[in-house]
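Going in written order, the chains are labelled A, B, C and D, and every chain counts its residues from 1.
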Amino acid sequence: MSRPGWDVPQQARQVARRLPRGGYVNLGIGLPAAVADQIDPDQHVVFHCENGLIGYRGMVGGDDPDPDVIDAGSRQVALIPGAAVVGHDLSFAIARGGRLDATVLGAYQVSADGDLANWTTPAARLSGVGGAMDLALGAKQVIVMMRHRARDGAPKIVQRCSYPLTARRCVGLVVTELAVIEVTADGLAVRQLAPDITFDDLQNATDAPLLAPSATP
Amino acid sequence: MTQRTESARVALNKLVQDPSDAVAGIRDGSVVLVGGWGGVGVPDVLIDAVARLGASGLVVATNNCGMGRPADVGLLFRNGQVGRVIATYPVHPAATDFLARFESGEVELELIPQGTLAERLRAAGAGLGGFFTPTGAGTLLTERRETRVIDGLEHVLEPPLRGDFALIRAERSDELGNLRFRYAARGLNPVMAMAARTTVVQVDELVPAGRIHPDDVHLPGIFVDRILVSGGVP
Amino acid sequence: MTQRTESARVALNKLVQDPSDAVAGIRDGSVVLVGGWGGVGVPDVLIDAVARLGASGLVVATNNCGMGRPADVGLLFRNGQVGRVIATYPVHPAATDFLARFESGEVELELIPQGTLAERLRAAGAGLGGFFTPTGAGTLLTERRETRVIDGLEHVLEPPLRGDFALIRAERSDELGNLRFRYAARGLNPVMAMAARTTVVQVDELVPAGRIHPDDVHLPGIFVDRILVSGGVP
Amino acid sequence: MSRPGWDVPQQARQVARRLPRGGYVNLGIGLPAAVADQIDPDQHVVFHCENGLIGYRGMVGGDDPDPDVIDAGSRQVALIPGAAVVGHDLSFAIARGGRLDATVLGAYQVSADGDLANWTTPAARLSGVGGAMDLALGAKQVIVMMRHRARDGAPKIVQRCSYPLTARRCVGLVVTELAVIEVTADGLAVRQLAPDITFDDLQNATDAPLLAPSATP
């Protein structure tokens, strides 16, 4: 069954091409992991993983998997020439000390003013937080990569988060399978729509009001 | 007239032959820091030895709560040896033993951000009394923490996290306990070694003193009390 | 809507050819962290470049205040470029330039314990808002610090020490700024690199990316902004 | 002109033989540096230096000096097999975190209850502190190695320090050229006298009352 909008590799490419050239970028678990597979090597982005690997890429044909070379979701990856390894203390000093140009994180909810909720739900009796709070607060730019709606169809881009927050006013860009949306001082500005998606489709799938591409500078 | 009463860490005779000797001294209620992140850097033989030891009511600090491997930290939950766990990502679907104990109320969970876990361990190792961090401020996870606005940003005061024992894993040790780790298997292992009164390392390989160049040591042996050479639980 | 406004550190094009480019941006009143301990690990070419740049009223953090070498941190005192210095051991007999400026009241000194200097730098690098330490509590050096009794021991609250620039020295760098240091020349260089908004490293040798094994990197290039290859002031 | 009591190597041997077998020991600048030259290798003491070298020894004939292998006083030393190097952050985490079995420090004054003054004098307009406070507070045992009197003849072992303190109640043992003195709950107990020194000589050179060897258990 085909779903509307970009598939995961296409969505990951939308994130990848917006990453700062030559920047250091952390990728969270889940959908964001796919960005490492879609980056143009000429962008010279260096990926940081919370586990202490700095400088990795997605596996390609011919790569030998190494059980100790994995990403945040324990997926096999490969190291680039010039990679470095640190322990978790230094890995998170990097994240918390403001050294990451961007982090790409999954989310349960993002609000119109960039609040992020991505570690627990009101119904959850048990949650994991991992590096979400460290990264959301420490990275220079927080990019959310997620499905546009929750499994039950509820919009995840909301006027105000109803889920417990990870950090306030931290998200700068949201990339879903339907669109690329920037969090601006004026509101949520649609920067790009997936080919088969109209602005009205998008607004219908979104709780917070959106600014149409033509209406945004 | 010394101010600290911990037993001396000696550079000599750190090698232990038997897993049970490696974990000797862990008692009911001990605070045990368990290294490993996901499936890498896991001191499985030491965890297995704690399971055989049978101490209970342990306070365990760990990144995960088990990944379904034969002897990861999940084994301690399966055995009912854990009273409280401090963890960052206990929700892996394979952490079924933890889940069962958590659901039944037998295990109390303190969930903390991963960077705060690393920093609290390091603070203990560095002799600090605590630190202010903005991570987690204003969230459910830090509701009981003292807060302070520093440079316009809300911070929480986090205490050091000291262990009675650290169980860690390294790729290689020399006779003095100087350690090398391999890629992502480094993880929390070094800071946990810093944070514990007694640090026990499971290593794949032991080499003579001098074989690791001084500039190539990842963690100096001064943080290591006992060395067990073992390739892992079969 | 980013929270931090520092310019991006890029993995690309860190190499600079000229010492003046290496220290470009240091202005009157800049906070400059100067690596080196005693006579080792001293970024002499970078210090010399700051002397030629001529910025004044600098706030300098350093272990020593000069050892009488041609281009150690003493040169910045000789030139009258330092307004305030944060140091642990400014009393070396060869620190004559510092001494003269200190005696005349031109330079203000903040004397801090060596471990507190390292820890304050690291706290800045790790994004902490400050930390409690027992070191220096109850002494003249911490009279103005907030204090708190933790576990029965008096602690002082120490703030992070962030630099606008760090000038450090390493033995070797690869093209991405991954660094190796040599023996005692490591010193404060890595934590200073962590603590500065812009970190400049003087290296004896540059090697291609991939030449330093990932597990053998002492300080990852993410902390390094500019690389100058130079064997030192002749 | 020969001075009474032990010479520096002899004094250093008095310190060295009291260091814990197999222990990790920091040596301060000045007189304490000589301890590295006098240790019996069979004691397997590992010397820690504040500059991050762990596992060094004094130079012997045939050693090649290396400019980057120096002790806290910038004196050339050599590394032992099994040495390790760390940065200052970790070096002082070791000191402050309680990992050192002992530190040997110089002093201006030591009081009867173990207060240490070793970083400045009331007359000093300028002082250096180095690692003194970190070590005095962090090491499990603080051993002071110093001349028994100041240059002006003033006793340095005093009832109460008149100089600004480094740390309170931290010193456990004092080794001068005249004697080895332990700081005990009952007072300053003389453990050993230099060969040509009497207890009365020692008491005359000391401000605080001493317990004679026979009077101490």
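Here is the rule we go by: a contact is a pair of C-beta atoms (placed from the backbone, for glycine too) under 8 Å apart; a residue touches a chain by one contact, two chains touch by 3 or more.
Note that the structure is a prediction, hence the values are computed from the model and not measured.
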{"item": "Touching chain B and also chain C, the following chains", "value": "A, D"}
{"item": "Centroid spacing, where centroids are CA-atom means, of chain A and chain B in whole angstrom", "value": "30"}
{"item": "Centre-of-Cα separation between chain D and chain B, whole angstrom", "value": "34"}
{"item": "Averaged-CA centre spacing for the pair chain D and chain A, given as whole angstrom", "value": "56"}
{"item": "Chain D residues counted as touching two or more neighbouring chains", "value": "53, 79, 85-86, 92-93, 96, 137-138"}
{"item": "Shared-contact residues (touching 2 or more other chains) in chain B", "value": "119, 122, 126-128, 133-135, 181-183, 186, 214-215, 218"}
{"item": "Chain contact topology (line, ring, star, complete or other)", "value": "other"}
{"item": "All chain pairs that touch each other", "value": "A-B, A-C, B-C, B-D, C-D"}
{"item": "Sites on chain A touched by chain B in the complex", "value": "49-53, 66-70, 74, 79, 85-89, 91-93, 95-96, 120, 125-134, 137-138, 164-168"}
{"item": "Residue numbers on chain A that touch chain C, as the complex places them", "value": "20-24, 44-46, 48, 53-55, 79-86, 90, 92-94, 96-99, 101, 114, 137-138, 140-142, 169-172, 183-185"}
{"item": "Touching residues (chain side chain C, partner chain B) in the complex", "value": "119, 123, 126-135, 148, 150-151, 153, 155, 180-183, 186, 214-216, 218"}
{"item": "Residue ranges of chain B in contact with chain A within the complex", "value": "37-41, 63, 67, 87-92, 99, 102-103, 109, 111-119, 121-122, 133-136, 138-141, 181-191, 218"}
{"item": "Chain B - residues contacting chain D, complex", "value": "1-4, 6, 8-13, 122, 124-128, 174-176, 178, 194, 208-210, 212, 214-215, 217, 220-223"}
